[in-house]
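So that you can tell them apart, the chains are marked A, B, C and D in the order they are listed, and the count of residues begins at 1 in each.
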Amino acid sequence: MPASGATISGIVAYPITPFTADGGIDHHSLHLVLDRLVDGGASAIAPLGSTGESAYLDLTEWTETAASTINHLGGRLPTVVGVSDLTTAGAARRARIAEGLGASAVMALPVSYWQLTALEVQKHFEAIAAAIDIPVMVYNNPATAGIDLSPTQLWELVRDVDNITMVKESTGDINRMHQLRELSDGTLPFFNGSNPLALEAFRAGAAGWCTAAPCLIPDQIRAFYDAIQRGDDETADAVFGRIQPLLKFIVTRGLPTAVKSGLALTGIPAGEPRRPLLPATEAEAAELSDLITASVG
Amino acid sequence: MPASGATISGIVAYPITPFTADGGIDHHSLHLVLDRLVDGGASAIAPLGSTGESAYLDLTEWTETAASTINHLGGRLPTVVGVSDLTTAGAARRARIAEGLGASAVMALPVSYWQLTALEVQKHFEAIAAAIDIPVMVYNNPATAGIDLSPTQLWELVRDVDNITMVKESTGDINRMHQLRELSDGTLPFFNGSNPLALEAFRAGAAGWCTAAPCLIPDQIRAFYDAIQRGDDETADAVFGRIQPLLKFIVTRGLPTAVKSGLALTGIPAGEPRRPLLPATEAEAAELSDLITASVG
Amino acid sequence: MPASGATISGIVAYPITPFTADGGIDHHSLHLVLDRLVDGGASAIAPLGSTGESAYLDLTEWTETAASTINHLGGRLPTVVGVSDLTTAGAARRARIAEGLGASAVMALPVSYWQLTALEVQKHFEAIAAAIDIPVMVYNNPATAGIDLSPTQLWELVRDVDNITMVKESTGDINRMHQLRELSDGTLPFFNGSNPLALEAFRAGAAGWCTAAPCLIPDQIRAFYDAIQRGDDETADAVFGRIQPLLKFIVTRGLPTAVKSGLALTGIPAGEPRRPLLPATEAEAAELSDLITASVG
Amino acid sequence: MPASGATISGIVAYPITPFTADGGIDHHSLHLVLDRLVDGGASAIAPLGSTGESAYLDLTEWTETAASTINHLGGRLPTVVGVSDLTTAGAARRARIAEGLGASAVMALPVSYWQLTALEVQKHFEAIAAAIDIPVMVYNNPATAGIDLSPTQLWELVRDVDNITMVKESTGDINRMHQLRELSDGTLPFFNGSNPLALEAFRAGAAGWCTAAPCLIPDQIRAFYDAIQRGDDETADAVFGRIQPLLKFIVTRGLPTAVKSGLALTGIPAGEPRRPLLPATEAEAAELSDLITASVG
């Protein structure tokens, strides 16, 4: 059931994981990105999601990045650490490490090479939750995970497992938001993970928006969320209209590649993504630069 | 270009990776499975594919399984070792290990958390091929990998990269088989990885069929392939009709779970799949048992 | 040459690494130990030395422990993180991780399975130092490392390599302390790592004492060091006389086993050491309890 | 008690682990070394001892090397695979892998950062033995391991633990050989691991000699052992006199460095040892070349 840990709401910002030229974690750049997110008004920080190239890090690098993020934030914002792993044992180990290092909550996607059954997904999440005492945010993203969890499945996980308290929904289907609200009678904090749906989702009652966009345009994201909070529909619409092309671009090109390219354009050298991902081409960087400029309005 | 290594054809059999009760690799059961595949007339063995739970093994377990398979076969059949990994560096390392241990060829799927661009896929495969001297089989399976490589892309990889010599196509779209044959003027050995398409694919000129079914019904698969080879369409149709429900069941339920359950039913205790995968229920095992019986005809 | 980082002096306290019942890192107990060391007046904290069972941790656990220590201290005291590893590449990687996580300095012992030549030791330390910008403390302990570095070798490393700035000497030979002072004309901060030599070493000009004893008797160690600092020989002698039997016991029994047993006796459950190390027997614990009591005076 | 596995005797040859220029395992060179050892009349092959740089390999490389050795030998000679690891769990895992890959026996040294108690050593070996069904050779080498096991301790391990069946003694103290024979009433196969003691040890009843020398001078080692076996003391003395300077050199310089240098001199490029180990200098290689020539007589 939604419990004490479920106090996260608003803009949940996703940092990339910067690499040095020799392929290690670039802590200095990571800290610059985190400071930008904090200064830009983010409500929580979610390291080691897909934007953070979590799937491409070995467990030591993952631990190093989680620790560096939590330590540098020093309690300024809550953290929701991505602990997705192909095996249940691996995800539970990551969850324990995250808790030990001081994470506020963890987030998990049922990534799987194989189509999992409903029971397999349930047992997977139960095992992660049982490994820790901090809250778990379950995450549905069929495009990435290959598994689609219905609003009912998501709600039942929250209802039945003590420290599963939040849901992140990334299908981009607004009806699911409505269903989550109805099923939970409004008690479930659900987060939207689909950038194009940000405006609609807040209007449907989403507790927050999980997005990497504040890495590049923190002020616009803050202006948008401020408008949402004070019920200023006109401004929210206007800002969202301006940032939408950028949102679409970074998702389509791939978040690590696009956000790292955009960080370089905005003064934070974040290195290249890890192969097979390739850095943005010059043409892509030019387009991105234009979109960043255009988003300011 | 198709080169010396491309002498693999026929039934490419996929063993599961059996685990002991404490979670380690069960070499004894693995050897029993391999002997059944050899005795059943398989043409090649493909360990550490998705059936082999490759994605759920750590690199040491992966190495242990590759070595145990190659060693136990002792040259009786060629091996096509799955080296898929999320990172390019990881896939190249696996390819080098497989070659060092005596694999005949390697197979790679462009698994990725992120949608890769055509150029990213190409560079990924080129890096794997450049790491070794043995042939590479490129594998297209959008349902698992999240990326769909067109026949043209697949053919260009074979045409342009020296030791990429074979293609495995698992979309289940027979038109792609025809395209591969036409694009390559009949020079490209392509393999079908979609069980329901086995009959049609051979008729479209496939060099082989990649399948885990011989783990459970080696004699039926052999009878089917013998009929194909001698052009006995009637028998091929009849056998395929009998085994199709089983093929459909094991794919739908998930190959590791279903094949391990079926092995237990047919005298080889192969343990449970690794979590999040769950073992087959009693009802599923009963259904599978009936399907195995029915396949004999 | 001794540079900015070389401001560490006094009691360099060595925490153990506590394990939970299922073998993971026990962050809660680790934090209790660290707080005791800070409250007890330690001057610096040196996690992941031999007391910290560094050699028995995998790299992820090592990273987790380094991060948890640095995070929990939050700048209250400088840290000197042990980065010893059998391979040069491994030690350099640990050094980079420690620096990234915010360590004040690193310490390295030339642990080796093989007797290293003087040139091999020199290249090893140079590679570690080259990997980072924070200071390196080189550590001589032939009993553990199997290699004995002479005062001349140690001094030359400090003199010739930019960020090697400190020496820890654990042979228990007071003459080496005198030689280090003479060779460096008093400019080299050297630390004593031999518990029985603590008093003599300070009198020979040691900058500090590296010891796990404050885990168990922080007040006595503080009283001893306060007396040393104010030149109160009589008190220093008296306190040292009282604590010496305890110092001898914990070294002889093995620091992880003895200190973990002593922590349990003094209110901090720190779990068992990792096998092959065994926990203290009841008789050993009883003896240790008496020695702790006797040390209070 | 000495059981079926204890049929290893004679020259137990230690291959180095060759690396490619980019630091991976060089399987081709490894196979050349193994063929030389087999052709040179070795009785058994002991990969992954200290000569094999086992301590410098990660677990995947260790597995790869064990598998490649066992596969390439293909049953021509029994294998005794080194499974030493700092932790008990690590050594037991290696033992299970070795058994799974088809090793004839395993060998373990109680390597430890900390001085282990007699009980800790006993429990460590019991855990390794309990993990497998193949024989265990316990190995005493205080110079490397930092722990000295008395003949009585060694004998009691063999007497009390089912599949501990052999002892390797490397102190170079001939009296220990006599004690082992007496304690076991001649039933215990003990092996000498001290090169300078080879002649004396065989005369004291040693079952075999564990040595890397056949990598460089297989014919001389065979001539020596043939003379031992037929009781031709004069020839044994003469040959041993000629090879002794070489034996001394390779031990003193460090076996991986010296043997790899010697292999290059005798036609097998084995690459460099892993850092911190450095390759032999030109002067050392010249000296080694002379010693190889002189050993022929």
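One rule holds for everything that comes next: contacts are C-beta pairs under 8 Å (C-beta built on N, C-alpha and C of every residue); 3 or more make two chains touch, one makes a residue touch a chain.
These are the chains along with the protein names UniProt gives them: A, B, C, D = Dihydrodipicolinate synthase family protein.
If you're wondering where the values come from, they're calculated on a predicted model, not measured in any experiment.
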Relative to subunit D, the most remote chain by C-alpha centroid is chain A
Need the CA-centroid distance for the pair subunit A / subunit B, whole Å please.
35
Find the geometric centre of each of subunit A and subunit D from their Cα atoms only, then give the gap between the two centres in Å, rounded to an integer.
53
From the mean C-alpha coordinate of subunit A to that of subunit C, what's the distance rounded to whole Å?
40
Listing for subunit A: what residues touch at least two other chains?
none
What are the touching chain pairs in this one?
A-B, A-C, B-D, C-D
Subunit B contacts subunit D in the complex at 24-25, 27, 59-60, 63-64, 67-68, 70-71, 74, 96-97, 99-102
Sites on subunit C touched by subunit D in the complex:
50, 55-56, 86-89, 110-117, 119-121, 123-124, 127, 143-144, 146, 254-256, 274-278
